[in-house]
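These notes concern the structure reproduced below.
Order as written gives the chain letters A, B and C; numbering starts at 1 within each chain.
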Amino acid sequence: MLGYYLQLGFRNLRRSPVLTALIILTLAVGVAASMSTLTVLYMMSGDPIPQKSSRLLTLKLDNYPLDFNDTDEKLPGILTWTDVRNLREDAKGLRRTGLYGISGIVYPNKEGVKNFFADGVAVDADFFAMMDAPFIAGGAWTAAEDRSEARVAVIAAPLAEKLFGKESAIGRNLRMDSEEFRVVGVLHDWKPTPKFYRMDGNSSAGSDADDIFIPLSTALAAHRDVSGNTSCYSNADPGFEGLMRSECIWLRYWVELGSEAERAEYRDYLSAYVQRQKQLGRLPRPDKSALYNVREWLQEIEVVDDDTRLQTWLAFGFLSVCLVNTIGLLLAKFTARTAEIGVRRALGATRSQIFLQYLSEAAALGLVGSIIGVAGAFGMLHLLAKQSPNLEQYARMDPTMLATTVLLSVLAAVIAGLLPTLRATQVVPALQLKSQ
Amino acid sequence: MEIRPILSALRHNLTGALLIATQVALTLAIISNSASVIRERLAVSQRDSGVDAESRILTQRPILFSQIDLANLIQTDLDALRAIPGVESVTVTNQVPMGRSGWSSTFATERVPTAPNQSAGLYFDGGRLLETFGLKLVEGRGFRDDEIVNIDPKVQNPPPTGVLLTRRLAEALFPGQSQFVGRVFYQGNTPDSEELRVIGVIERFTTPWAQTGPGNEYAVVFPARYLNPFNHYVVRAAPGAEAQVRKAMEEALEKNEPGRVSNGQYSIQEMRDRRYRGERALAWLLVSVTVFLLGVTASGIVGMASLWVNLRRKQIGVRRALGATRGDIVRYFLTENLIITSAGIAVGVLAAWGLNGVLMSELSVPRLPLDYLLSGVLLMLLLGVVAVLGPALRAAKLSPALATRSV
Amino acid sequence: MLQMDGVQKIYRTDLVQTYALRSLSLRVAEGEFVAVTGPSGSGKTTFLNIAGLLETFEAGTYRLDGEDVSKLSDHARSRLRNVKIGFIFQSFNLIPDLNVYDNVDVPLRYRGMAGSERKRRITEALERVGLASRHQHLPSQLSGGQQQRVAIARALAGSPRILLADEPTGNLDSLMAREVMNMLEEINAQGTTIVMVTHDPELARRVHRNIHVMDGQVSDLDQRLAA
């Protein structure tokens, strides 16, 4: 029976074509607008590493001078080299890595490819296992190579392709600035969205994929400049050595715990660490250290900015107007057929049959609207990505969102169709309608 | 035409009327708030940077890799750039307005940690910065060429203490004052903070971040060339010479150190476009949403009015038979629509305020100005009239003979 | 009062042309009560529509109250209808969304009459048809006869010179039909010219004069000449 209703529904789409087109268009536009912005929001607030996001922690320490005139500002999520070194040496947790952004000029040893500027990060060997970074060739460097400040590098697949073409990159040399690095691993096109491991509330760190990963120890030994925020609240001696000794903050630190349950233990360790540092005369202010897992961290740095939220609000306001409009138009479409309903009722259709028939027609409209709406959402996402490079990583529709979109628009049409359908079922059976 | 009979007729078509009124209310609430956000964002993106001819000021940032004698290399680059025909002035600096990354530091008038600390952009003038950017001085003087020093970060020469600052920063540091030259302030508010002295005040000079808040005009300029590989060369092209200077600039910088990597060449205008891309994107998104919303609402009104005309064909014929002119019929539908729209508008005005309140507290959205709300109200009234005009005219064309003929 | 000469009306559809009236000529004098009879499809309603300025015609002349109305604009015809003509329809044609009072008010509104004057006329007209107490009712809450009486009140309220009725009793039972007929006679007695289309021979007998229409023409030669 439902098949018959849907068939009727689709056939009726051709009746009053202008009205039908308007209904479909309204639905499609509403769905496209709301789904494209919702997709961006969903991707932004998504969990980039769901399998272990609760075991992956980063932290904040308060190392401001005692008399620092801070108001209620948030602590930055970056640390001094002193703290990162200490945390690494204490070796708590399953795996751990310090991290800071680097950049440099790459000299390709290849005809026709000009020197270029590349972004990367200095990390510890554990980083790749912690982040579940997928290798297509080779692997991470060893802890021994970390200790020996080896000139090794892991590079991203696009860079490998650019430098070495189809040949294997493993064992080849990569020249960055005046240093040569031996490539030990090539990462798959790896784009955690958002790029949580580097983000610190400064949006520019979140956009591009990192191309080059080198050992943190090697980067420090080579005095490789920091690409990213460096904040100093007390004076530092000149040069990189000075920076490393100073209370300037510029490194991130991540630790992976064996299980979520170990978090309390780690928390205790961190408090104890702060106390120890206080005894050494550091971290003079009250202990404000804080631990964040990946999800907490994304929230803390407000990945979802106000504009995105505004757009989401707007999209739903827009969708609601579209829905009200659809209700109105459906009401118009159905009311114009009062006579037909009367005749159908007189011919023995029950209320629920009329109800189902008209709701199916609304659903048919929703289905057509959703197909156009999905196409529209893809178009909008494409536009959004083009307009703002920061959005590019988020403006992608995944199967979940696609299914949601289709479901939403059919649901929207059915909800919109409910009132007009109920009204249709109120029509009294009649073979011939009295005038007026 | 009086309202009471229309109202009593409306009571019998309440659902449709309520739907239209709801739609009008929602639309009004959304578009008036959108309009105020659009205005705010576009206004932000058009703020004066202090740079007088943004499209003629070109900047390029080649990364210098022969790290041996940077001071000399920079001088050679500057000489080569100055020799380009059509170049009016050249400078080297650590950052450019609206360039989105750069240096900032805090400045205070007292060396005690409790003293207020102003965060400001920190520019280095490698010579002729004011001339090249076309900045205006409102007090004091700019730097003489012999005041410019080289700062080597590996050795950290003390920076010169005579500096320029922007008027806005001066006013923030020395509230209530109007004369700033000769005044002393500090880089930081700790006992070991460097002492600085004002030698000139720049009317306006925006920071690389061009923040939304007032801090976008807080800047301090030091007379120095900072010897790292990441400086910006800035040239001022003569009017009409931009294209030719762009090419020559690229070539000159490549020639001085072949194989250099450059982070691209931009005019300040292009920097502005990149900096405000987000603001403009949001503004245009809001504009298109507004247009769509108006279209959707108009289509709703057209649909509902057409339905009513169809349902009342007979009635219209009777009215015509009883002596209604075509004008009377059009007026009837216009009045009816006006009543519905006005009801929607009344609710919409409240909704707009409510929405604005929520948006202001949840998100960085400006207060809704009254004139925007009023324009929104007028727009909705106009929209209602325009949308209903078609169906109303069709109704007026119906034959009075419908009274005797149609079923 | 009403004078038609050689009026011709053709309905054109895509396929066919229907001669609804072919050269219809007749006269109705002031104060007359005329019944128009004839088989279904003969052109009675068409005649009434033209007489009431609801439709235009192709050829011939039509003078209403001495004035040639063949070339009037739509606007002027509306005004004339409003002031000089009252209509009573077979299916009453009350406006369903308006109550009795507001229904009677409709033509007066279009005349732009002052509120107090309208009120006086509406009350008077409703009293005349005996429905003053029902002025708040909606048409759906009235019987057919009552609805038709409201329609008569609506037609009378504007004090028209001529009343046009298209089968006013066609939807009523004979008792109510007689009641309506009594009312029409009363109105005619007070000086209003009435032209009534009817199928009912009994009613037709009660009026001054019968005009028999056949195939778009007045069939009875005597009647034509007499007019």
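The definition used in the following text is that a contact is a pair of C-beta atoms (placed from the backbone, for glycine too) under 8 Å apart; a residue touches a chain by one contact, two chains touch by 3 or more.
Predicted, not measured: the structure shown is a model, and the values here were computed from it.
No other pair of chains has as many C-beta pairs in contact as A-B. Distance from each chain's C-alpha mean to the overall C-alpha mean is smallest for B.
One simple way to say how far apart two chains are is to compare their mean CA positions; for subunit B and subunit C this gives 69 Å. Subunit A and subunit B have Cα centroids separated by 26 Å.
Centroids built from CA atoms put subunit C at 75 Å from subunit A. Annotation for subunit B: residues touching 2 or more other chains are 314-315.
Within subunit A, contacts with two or more other chains are made by residues 435-436. Under the contact definition stated at the top, the residues of subunit C that touch 2 or more other chains are 93, 96. Interface residues of subunit A, counted against subunit B in their complex, comprise 19, 22, 25-26, 29-30, 33, 65, 67-69, 105, 114-117, 177-178, 204, 234-235, 238-239, 306-307, 309-311, 313-314, 317-318, 320-322, 324-325, 327-329, 331-332, 335-336, 384, 387-388, 390, 419, 423, 433, 435-436. On subunit C, the positions that touch subunit B within their shared complex are 45, 48-49, 52-55, 74-75, 78-79, 81-83, 85, 87, 89-90, 93, 95-99, 102, 105-107, 109-111, 154, 158, 166.
Listed in rising order, the residues of subunit B touching subunit C in the complex are 1-2, 4-5, 8-9, 11-13, 314-315, 318-328, 399-401, 403-405. Put simply, subunit B touches subunit A in their complex at residues 15-16, 19-20, 22-23, 26-27, 29-30, 34, 37, 63, 65, 100-101, 113-117, 153-156, 189-190, 192, 259-261, 263, 277-278, 281-282, 284-286, 289, 292-293, 296-297, 299-300, 303-304, 306-307, 310-311, 314-315, 355, 359, 362-365, 406-407.
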